[in-house]
């Protein structure tokens, strides 16, 4: 189990904590992270409703840490073409229901490299403030998640395109 | 039941047939529409996988009608903040798996007027060729679906923003 | 498309109409069946909520036909070990919310022959009045659905066991 | 966070550990429980597939503890009449795929007191070895979950009926 010593150790070597989707409902962990000063990126659980996701962020917030980033990474549905179903309406909704910045993870959200770029653009268009992208110089040799990993060249293109989209509206 | 006479009658007075999500698996209807020359907008069933949606389009295609538009309108999931869960990755995927144009219906897809604009932009960014939008001069007085209906002023803004996004990439 | 002549023709040669799950929301078909005097077995749509299923039955009922059997055959969820997810709580609930008899189809509901017997027993225990079972003397040679089809010997065992369970409570 | 001291403390005062559905994917917790000698009841996560549930049990097993009870408590689907959708086919399937005993929790699985008895009977008929039931002398005054809590009189009836069903087959 993760204990306070682990949290301290990780905090000494990183700029930000990431709470994976399996831990979104780990309330003692959330409370403990609320006592740190570091930013926390809180991934949405794959069966979490919007209000449950925001309530999880509240556990961190109420314990004293306001530096929270929400991160949509897909929910589990009957559709198995993609690894998960990226719920971009939840991104737009979270902007209305919360004052926290929202990121999207199109790599885990789709599980398919060819969908990462279009869903990155769609995420920014839906109101996301940032993206979490898996990048590798040679995705086929990546130790994990190679099928959803883009190259630096594609990353460059995604960043350029997102800049244009972020300026709209 | 819809019969051939109905199809003929509707065809005489409209420019396009729309197959609602409840009829996506009505194979005899699809086959019959394949014998007409008019465009058919085929909505995705709310429990249809991508491959089933494309297979439904094939029923129309094989009967002789190539003028088909696919329309994503949301799938049914556990998330009830929105009326349905708009699956924009399916839009990007359908572009790869099919040569048909793809529209998105953010009105039915979200059921919430404040989400129609961001999801319209996200749809175009994901690769949609068009949008199906409910518009009313006074949405609160609309006979149906007022909660997901935008005003002409918002429509104008959506169109302008989508033009900019469509130029990216 | 199904038209009135089809309904009449089928009625002349069968004892009961079966509305498949793809047609549960085919309201004109339901209304037309309501005008016949024959029993109608109404399968639940794979994305239909309990109240929508009961509302579909109401279309038949209000048009004059009270001989309706509800049939649960599984809903579509993320679980893909089984073909569908058999929702037996909906069977128990339908008994409370409706006066109609309820059947269960464990063959389509699970898609796996080894689960047909236990789910048949569970269905009766949950309050089902009957079962819809696929049976074949040599399931491996069945033209369709062989993987979910039991032999007459298994059918005999299911019937015997269900008799005992039906007597409980 | 739960740490080793917590596990030890709980172990000193209880006969069995229960891993709630939110912790089914808390792998460090599972591994730690594997090092204890006490039985562990492992609830299925509300978005966990059968194979993921069994894999979670394996974390406990491989760390040295063979005293594991699987517990089905419902998965999250679009159906909101019930609190969750009790997946009894997964119970029958788990009996085939695993040698572990399987319990069912119809209280959390349905969230409705009137469905607890029929789903208890259905669970046993599907092959469950035991039930987890919320019972209170005066459910309306229960501190939590009163809506899914039965009285001792109903419990007695459930036990009697389940005894008869367990003898079938």
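A, B, C and D are the chain letters, set down in written order, and residue numbers restart from 1 in every chain.
Keep this in mind: contacts are C-beta pairs under 8 Å (C-beta built on N, C-alpha and C of every residue); 3 or more make two chains touch, one makes a residue touch a chain.
The shown structure was predicted, so the numbers you read here are calculated from the model rather than taken from an experiment.
Enquirer: Measuring between Cα centroids, what's the chain most distant from subunit B?
Expert: D
Enquirer: Of the chain pairs A-C and A-D, which one is connected by the greater count of C-beta contacts?
Expert: A-D
Enquirer: Let me have the rounded angstrom distance from the C-alpha centre of subunit C over to the C-alpha centre of subunit D, please.
Expert: Here subunit C and subunit D have centroids separated by 29 Å.
Enquirer: Taking each chain's centre as its mean C-alpha position, how far apart are subunit A and subunit C in Å?
Expert: So the centre of subunit A lies 42 Å away from the centre of subunit C.
Enquirer: Report the inter-centroid distance (CA atoms only) between subunit A and subunit D in whole Å.
Expert: 31
Enquirer: Which residue numbers or ranges of subunit A touch two or more of the other chains?
Expert: Within subunit A, residues 47, 76-78, 80 contact more than one other chain.
Enquirer: Based on which chains are in contact, what kind of graph results: line, ring, star, complete or other?
Expert: Looks like everything touches everything, fully connected.
Enquirer: Over in the complex, which subunit B residues touch subunit A? Could you list them?
Expert: For subunit B paired with subunit A, touching residues are 47, 49-51, 75, 77-82, 85-93, 95-96, 109-110, 112, 114-115, 117-119, 121-127, 157, 161, 164-165, 168-169.
Enquirer: Quick one: which bits of subunit D touch subunit B in the complex? Just the residue numbers, please.
Expert: 76-78, 80
Enquirer: In their shared complex, at which residues does subunit C touch subunit B?
Expert: Listed in rising order, the residues of subunit C that touch subunit B are 1-4, 22-23, 25-26, 28-29, 32, 45-47, 76.
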